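In the two complexes below, chain A is the common chain; its partner is chain B in one and chain C in the other.
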Partner chain A sequence: MSLLKVRDLSVTFDTLQGPFKAIEGIDLDMEELDTLAIVGESGCGKSVLGHATMRLLDDIAVVRGSVIYRGREVYAMSQKELLEMRGKAISLVPQSPSASFNPVIRIGKQITELIEKAGVAHGREAEERALSYLDYVGFSDPHAIFDSYPHRMSGGMCERALIAMSTSTEPDLIIADEPTKGLDALSRKNILDMLQRMTAGSSLIMITHDLKAAAMCKRVAVMYSGEIVEIGPTRVVLEHPAHQYTRGLIDAQPSKGMKPIPGRHNISHKSEGCRFRNRCELVQSECVRHPLLREIEEGHMVRCHYA
Partner chain B sequence: MELSLPGKLIKRLSDTGIKSLDQNPLRSLGIIILTVLVLAAVFAPYLAPHDPKQTGIPHQSPSSEHLLGTNDLGQDVFSELIYGTRVSLTIGFLSGIISIVIGVTVGIFAGYFRGWAEELLMGTTDVFLLIPSLPLMIILAAYLNPSMWNIIVVVGLLGWCSTARLVHSRVLQVREMQFIESTRALGYSDIYIIIRHVLVNTKDIIYAKFSLAVASAMLSEASLSFLGLGDPLNISWGEMIHFAFSRGGFANDLWWWYLPPGLMICVTLLAFIMLTMEGRKDSKILELI
Partner chain C sequence: MSLAKGRARFFAGKALRYGITLVIILSINFAIPRAMPGDPMINLLGEDAVRVDRQMLDELRAQYGLDRPIQDQYIEYMLGAGRLDFGYSIHKNLKVTELIYDRFFWTLVLIFPSIAIGGLLALVLGAIAGFRQGSKVDRLLTGVSIFMYSCPSFLFAMVIVTIFSFHLGWFPLGNISSGRTQGFAYLLDIGYHLFLPVAILSAFEAAYIFLIVRNSITQIMGEYFIFVAKAKGLSARVIELRHVMRNVLPQFISIMALNFGFMVSGALIIEIVFSLNGMGTLIYDSVMSRDYPVLQGAFVFLTIFVLAANFLADVLYGITDPRIGDSMNTGKMI
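This part shows the complex of A and B:
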């Protein structure tokens, strides 16, 4: 049985300007100890997908499709089951680490509370566990961090503490939302090494727009305009991309000369046909028809008529 | 290890804000005044030189025997004032607690859950705000028995609206903060998030509002008592002024009878307001006053 199965997941937001489709027709499969990176530019629906997986979206979001965690439909769970699943079975490492802790409660207390809530350990034992996880994520003085308030720590330190908190309950699946956002090259490398170490016993979905970070995962899914346009083993996708958008992303990296993708991502306007066609250099007549995600080789799927 | 314990204790103490007092003379003064008043209320039987109910020679002016003279029944005004502290502070605190509990509960639930709960709760608050509260208090106090407890309930039940509005707007702000979403992602229940995270981040406003609520409850009580709706068995400061007014204290200009309770009301209200003063100019709490 696979760990997580997402089938035909769509999220529509009811906005004042009318319904807005954030993601559409997402299919994903995660096995135990699998790692998947979801990449794409801002506004492509990466974070919405992460939140929808945990049923965290507000009431204004209309969610269709299904998310099955260990054979159980997440959208059919009772409130109690849902609360038990979050934090214990599936953990989210949210964006903006500095803002993700309660500003008036000490870091250690917040981690300890989660451990106790998840029922992993209690009292003194939970505190010890929190301390040891702060130690695992590489703090030289875990006791000082344990007693610190979030505002005394830098963004990178908060990220570490967040990862310590999210992994302290030993979840089956960790969803890390842009863990390297706003960090310089060295801290990014440290965080990624640490993340890899900390999630060795779990599955990981890493949401990022950093292809370097994505490279540490076994598989990569590329999202564009609310759809997965390419998914496959990391080496295959990053070295032999089949979709023109993936090629564009790879060429846009600083190490590849920062070549921008022409045109702009129009998030509000979604016409029929291939959503990338107004920016695609290889656009042809067939592109007015909406392409389906099809397998071009073992485990490598692309949403393009010509790949 | 033995050395680290006191250090930690001092750190915890300084976190409670005691250290910030030397930078905030107004608040320190407020705390000192209130401490004196509370001590006076608690130890009234030991501090009062006479039994306030004991009668003697009327209309005596202040002397060493009667520090603030006597009233028309020959009762010692100074002793009456000390016992009045008890009544006034009790009514103020208890009414303040009632109004804060109702206001905070309404504000938090409306702000956190939004939707129909917000419509219902804040709509009710608006209706209560529309009612002119002093006339309603007078009517209620007049129809109910003149007892201290009825005054506490009436004042408390009519004073929560502004607290509800204030807490509501603060909670609207807090609930959109990133860490609330993160906390939800960790699987905490709504009630837990409200108590542990929302309430904790609203407490500065609640403390300040509580102080002001006690002050305004004391003022309402003084108004009701001045109108003669107070409890004749528990004489508060407001009632002292009422008796001074109705039994000729003003007419005969017996200043030692009517002035002290009035001053005490002013000083106490001022102390409660000073308690909410923040040293920093950018403080949210200044906006409350």
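This part shows the complex of A and C:
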């Protein structure tokens, strides 16, 4: 049985300007100890997908499709089951590390409350556990961090403390939302190494716009305008990309000459057809028809008529 | 810098600021009556002044020290203020300080319970409304609060007195006690007399702070760390009590402390409606009878009281919000 199965998931936000489709027709499968990177530019729906997986979206979000965690439909769970699942079975490493901790509660207390809530340990034992996880993520003085308030720590320190918190319950699946956002190259490398080490016993979905970060995962899914446009083994996708958008992302990296993708990301894709066609250099007549995600080789799928 | 040294520097800085504020207010307090058009002695004597001969006016002026150069008057006034000595009341022939001590005590008896009850009410009702935003309870409570907040307190107080004291006869019309009881019965009697004024003041306090608590909750509920708390699978109750209310606390406590000053002015109206002998009636009577020494003394007392409350608010904010507390420890001004 797979760990997580997402089927035809779509999320629509009811806004004053009318309904806005954030993600559409998402299918994903995660096995035990699987690692998947979801890449794409801002607004492509990757964070919404992460939040929808944990049923964390606001009431204004209309969610269709299904998310099945260990054979149980997340969207059919009772409130109690849902609270049990969050933080214990599926854990989120939220983005914006400095804003993720409550400013008036000590870091240690915020980690301990999760450990206790998850029923992993209680009281003194939970505190010890929190301290050892702070130690695992490389703090030289875990006690000082435990007693510290978030504002006394840098963004990178908060990120490490967040990873310590999110992994302290030994979850089955960790969803890391932009763990390298806003970090310099050295911190980024440290965080990625540490994330890899800390999530070794779990499955990992890493949401990122950073292809270097994505490279540490076994598979990568590329999202554009709310859809998965390419998914496959990381090496295959990053070295032999089949979708023109994936190629654009790769060429846009600083190490590849920072070549921008022409045109602009049209978030409110009202038109039919391929959503990338107004930016695609290889656009052809068939592109007015919406392409389906199809397998072009073992485990490598792409949403393009011509790939 | 060491923590203790930083904290000491912070408090020294604060004390200096409050000291300067106090000197400025005392100076304004000195200047206003002297800047007013007309002769203070003629104001003091009212209509009688036209019948008093010039020599007697000069004597009176000398008696109050008003014939001396303005800088001498200022220095003497400031020295007096330093000793909390404001001379004698013109009409009551009592030391201003003694008069104020007595009246201030009764004002505190009126406002302390009102602040405690009002604050508690505001916290509980604000939480109920804030966590159920848009619900019927929220709309009802918010509506009542806005009504109370915009309602003139004297009008509200008079309506309450008319209904509960005059028509229903459940409570006395005014005064602090009926003056016939002693011991425990005396305290009960005071409680009975203070019930309506305290209830009204509490309601006004609650209405104002309710709106602050409710809005504070709304704002905090939208913070990212609340989303993170949800992602951790914490129950709504834990999130509300631990994560949200803990963040409301610094703002709540400092508003409560700041409100001390406003409560005194609120109490002024209520004291007049209920004929209670507090600071409010003292100031009112002094204005009516142009008893300047009493007025000046009363303003200085209220100023010191409000400044002390502000200082308390600063300190409590630093204790309840570590971000502010840290900036205190580093001696940094905020």
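Note that the second predicted complex is superposed on the first by the 306 of 307 C-alpha atoms of A that agree within 3 Å, B and C clash if a C-alpha of one lies under 4 Å from a C-alpha of the other, contacts with A are read in each partner's own complex, and residues count from 1 in each chain.
We adopt the following convention: contacts are C-beta pairs under 8 Å (C-beta built on N, C-alpha and C of every residue); 3 or more make two chains touch, one makes a residue touch a chain.
Note that the structure is predicted; figures quoted are calculated from it, not measured.
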Fit or clash between chain C and chain B when superposed on chain A: clash
Partner chain(s) touched by A:His151 [first = chain B, second = chain C, both, neither]: second
Contacts of A:Leu114 with chain B and chain C, given as first, second, both or neither: both
First (chain B), second (chain C), both or neither touched by A:Ile207: neither
Which superposed partner A:Val39 touches (first chain B, second chain C, both, neither): neither
Residues on chain A lying within both footprints (that of chain B and that of chain C): 54, 56, 82-88, 92, 94, 96, 99-105, 113-114, 117-118, 165
Contacting residues of chain C [partner chain A, same complex]: 223-225, 227-235, 238, 242-243, 246-247, 249-250, 320-323, 326
For the chain A and chain C complex, residues of the former touching the latter: 54, 56, 82-88, 92, 94, 96, 99-105, 113-114, 117-118, 149, 151-152, 165
Complex interface listing, chain B residues touching chain A: 115, 177-179, 181-189, 192, 196-197, 200-201
For the chain A and chain B complex, residues of the former touching the latter: 51, 54, 56, 59, 79, 82-88, 91-92, 94-96, 99-105, 113-114, 117-118, 165
